[in-house]
Amino acid sequence: MYSVKLGLKSLWRERWINILSVLTIGVGFFVLAVVALLLLNLELASRRLPEKFTITVFLEDEISQRGILRIRKMIERATVVEKVDFISKEEAFEDLKKSLKDSAYILEGLDRNPLFPTFVIRLRKSAFDREKVEQLIKEIRGMRGVEDLVYGEEFLGVVSRFRVMIRLLSITLMGLFFVATVFVCYSTVKILFYRRKEEIEIFKLLGATGGFIRLPFLVEGSIIGLLGGLFSGGLLYGLFEISRRYVAGGVPIITGLNPVLTVVAILPVFGVVLGVIGSAIAVGRVKF
Amino acid sequence: MIAFSEVTKVYENITALRKITFSIGKGEFCFITGPSGAGKSTLLKLIYLAEKPDEGRINIAGWDSDRLKMSSIPYLRRNIGIVFQDFKLLSNRNVYDNIAIALRIRGVPEREIKDRVHEALKLVNLRHKVDSYPDMLSGGEQQRVTIARAIVGDPTVLLADEPTGNLDVDNTAGIMRIFREINAKGTTILFATHNKELFRHTGLRVLTLDGGNLVSDVGG
Amino acid sequence: MIAFSEVTKVYENITALRKITFSIGKGEFCFITGPSGAGKSTLLKLIYLAEKPDEGRINIAGWDSDRLKMSSIPYLRRNIGIVFQDFKLLSNRNVYDNIAIALRIRGVPEREIKDRVHEALKLVNLRHKVDSYPDMLSGGEQQRVTIARAIVGDPTVLLADEPTGNLDVDNTAGIMRIFREINAKGTTILFATHNKELFRHTGLRVLTLDGGNLVSDVGG
Amino acid sequence: MYSVKLGLKSLWRERWINILSVLTIGVGFFVLAVVALLLLNLELASRRLPEKFTITVFLEDEISQRGILRIRKMIERATVVEKVDFISKEEAFEDLKKSLKDSAYILEGLDRNPLFPTFVIRLRKSAFDREKVEQLIKEIRGMRGVEDLVYGEEFLGVVSRFRVMIRLLSITLMGLFFVATVFVCYSTVKILFYRRKEEIEIFKLLGATGGFIRLPFLVEGSIIGLLGGLFSGGLLYGLFEISRRYVAGGVPIITGLNPVLTVVAILPVFGVVLGVIGSAIAVGRVKF
């Protein structure tokens, strides 16, 4: 259709201003993508936190193998539990020695192993739920054969608060950056539109329909969006590669940015969508 | 074909047209004259629907301007060829494209467009300027491109607003000849001009405007 | 005042002016005529330095166009009033500002500007349009604004390119009268037009161009 | 001067497109400022890391007060040292008890305090220099009265690598974001300039000088920059206030962004500078 060709031609005719637009949008996308990846990875990192949180259950010294098994089963049934490890008296002593490191000599004077057999419970990282964890702790405390239980009560609170904060921050910032990028797209297309007001006026007077007028802008907007997306994808991939190759061992904040290649691939699609939406809004309703 | 009844057009503080009534039959060739600011261009704008009347009714080819849906305006305009007083050429397109656009808008196939554009350019003596851009053309050449664009679509109505203001005697005569030919084939023509020489001895109908009033309607 | 010697101007594939030689004295009123595309506007463009000659030399008020520094071009242009064929009005400024800009560029104080703009508007009969924007004006009104802008600065040279193409007989007569008055005060005028009526009985000098050649130089 | 007024008028005449420009630039600055602050605070946080790094020096059990003083003076003389704390045998034992928490009962069976008097050396956060630290460690080891010395040899390496990485990342990202923002400014002004090409052409033909043509753009550019700066400052301050008030306890990553108010104040100045530079580049040399 001629209207489509018109958009393509206009792309070339106004190539300088279009290159500016592509670069502007590209940079916007790039910023958005980098920030999004940083936040996503921060969120992922914060999700890993509760995994490190463990509940240590001290069992009675003279507990039977059967008792141990019974308690283990009880614990494993809870949904928040990821893994349960049993540590015998002897293993516990070795562990303590290791953790004391250079001060391990203080244990030398001991005449007997003062430690208890223990269960170390690792909590599941997904579906981390403070209430359920507290419920579990209560249950374990009530079980026969359990001497004592150690858990980071305060730490637990901190973790879940931190998670909420990170999530809130992510959503706020992502929202802001998204609005900013859409805005850059919109204003770019709007400026293109302003520049062509006269042309549109003439087209209308010559009998062009609304579709004929709108279509070239949509084509142009989508291609500018596509190129902007490709450009930002290129930038991102470049940043990724450079940081991987030239920084000793790689900058983990960047190389660790997990789905970097997925994002690189998605950016152009995102560009086309935004370009079309931006153009549609910028052109608006065609009046005669 | 075109009928005005008691049409008034007011711009902010000025009455550009005051209770204008006239009608033009199919195939007529009618001049509109009057001094600068008389309302000639405004009258044409009302016909091609670039302006709406404040009072009165306008009927174009059976369509009542009041009751016309916005979406059908483009299709009405496709039957009208317009020579704009200020040319309205697309500055970023060459002569060929400026003329072809009128056909492309109508969805005419590209091969047919080529023939028709070249034919129109031949009529206005500008075949050698086919690749030029408007700002590489002289004033008179631009005006002739505008004329070519108006006639290339074989319109049923041709509105020409001061189409020879930048043309010398010979070119003017050429354009007048073309218009007479088109008119002979059945196209209704409204020709706004301040140049009384153009219609003095033609015996064609002349509407004279002055200060927004229709002061005379003779000939035809 | 203005002297062309063997001036040639070539645009890409076309020779717009070929070995043109003439000279115009201070205070002269000279017409330039010829058919559309003859090279009238090109000749004026060479004088106001919008184009450079490809061959030959042009001398304007003692300045040699070859040896003129780029930074002094603005100062030379301030002595030249130009009526552009395509008006070149600022579409986003009203009539007052369009005329005043010519004085503001020269650093004339705002109070003086007001008086002079109003005086110029009075001369071209447009005092009632002082607040209008160009697209609210009729073709002839726009042309008169352009004329007012050209004369408001009391130029030593006035270049008018088809300044009456959109004007009716009465307005044209008015403009011609103004030009004669300005000329009587010592302004050199070059007036490009295809309308032979304008100079037929004036006895003024007429340069005739055709296809880039100077084919006659009579009167004056 | 009229030329200045021209710039101001044009600002108003083309207010819609100018508002778009202001918003675009504002969003750009905002993104830049947020990223800059995040990075700055990350850098500051990483500077605080070595502060937490301590060298623990165990002294001989029977060391004299004089000997303690002599060693202390030696240590304090080193430039990398921030603070030296002396912990007596008794204090050290209490500390150990605390750090063992619920397992402190294992110390109950001890017949004597097995710990040594210690110096805890806190390293200076500024001018952190791995080589100097290792030099100091070597010296301390050689001193008379020193029994042993514990320091995070590996940790030391990690810290300095982390510092380098953070700094590299900051510089890269800041550079990229800066280029992006300048770019948005430039293209905004360039688009304004494109829109006014015709006007400039007319001005030239009427006898305007280069300065007369350039000045309005500079005025306009600087004001657009100023407004963009104010807008971004407002956004930043808004983000700051909202996060302070509505998020329980404040989002530390934002409220902790240290010189937020300074940045809010600097943004408009930054905007003016960029606006002027952008305009100057966009207008370029005026040819007649």
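A, B, C and D are the chain letters, set down in written order, and residue numbers restart from 1 in every chain.
We take it that a contact is a pair of C-beta atoms (placed from the backbone, for glycine too) under 8 Å apart; a residue touches a chain by one contact, two chains touch by 3 or more.
In this text, all values refer to a predicted model and were calculated from it rather than measured experimentally.
Visitor: Select the chain at the greatest separation from chain A, using centres from the mean of Cα atoms.
Guide: Most remote chain from chain A, centroid-wise, comes out as C.
Visitor: Please work out the Cα centroid separation of chain A and chain B, and write it as a whole number of Å.
Guide: Inter-chain centre distance comes to 63 Å.
Visitor: Counting only Cα atoms for the centres, state how far chain A is from chain D in Å.
Guide: 23
Visitor: Distance between chain A and chain C based on Cα centroids, please, to the nearest Å.
Guide: The computed centroid separation for chain A versus chain C comes out at 68 Å.
Visitor: With chain centres taken as the means of their Cα atoms, state the distance from chain B to chain C in Å.
Guide: Result: the chain centres lie 29 Å from each other.
Visitor: Identify all positions of chain A at which a residue touches two or more other chains, and write them in rising order.
Guide: none
Visitor: By residue number and range, which residues of chain B touch two or more other chains?
Guide: Residue numbers touching two or more other chains: none in chain B.
Visitor: Are the chains arranged, by touching, as a line, ring, star, complete graph, or other?
Guide: Topology of touching chains reads as a ring, each chain with two neighbours.
Visitor: Which of the chains are touching one another, listed as pairs?
Guide: All chain pairs meeting the touch criterion are A-B, A-D, B-C, C-D.
Visitor: Which residues of chain D touch chain C in the complex?
Guide: Interface residues on the chain D side: 2, 6, 13-14, 199, 201-210, 212, 287-288.
Visitor: Show me the residue ranges of chain C that touch chain B in the complex, using the header's touch definition.
Guide: Residues of chain C touching chain B: 11-12, 34-37, 40-41, 85-86, 136, 138-144, 161-162, 165-171, 194, 196.
Visitor: In the complex of these two chains, what residues of chain D are touching chain A?
Guide: 17, 20-21, 23-24, 27-28, 30-31, 34-35, 96, 101-103, 105-112, 114-115, 148, 150, 161, 165, 168-169, 172-173, 176-177, 179-180, 183-184, 187, 190-191, 194-195, 235, 239, 243, 247-249, 251-254
Visitor: Residues of chain B touching chain A in their complex?
Guide: The touching residues are 48-50, 70-71, 73-78, 80, 82, 84, 88, 90, 92, 101-102, 104-107, 110, 149.
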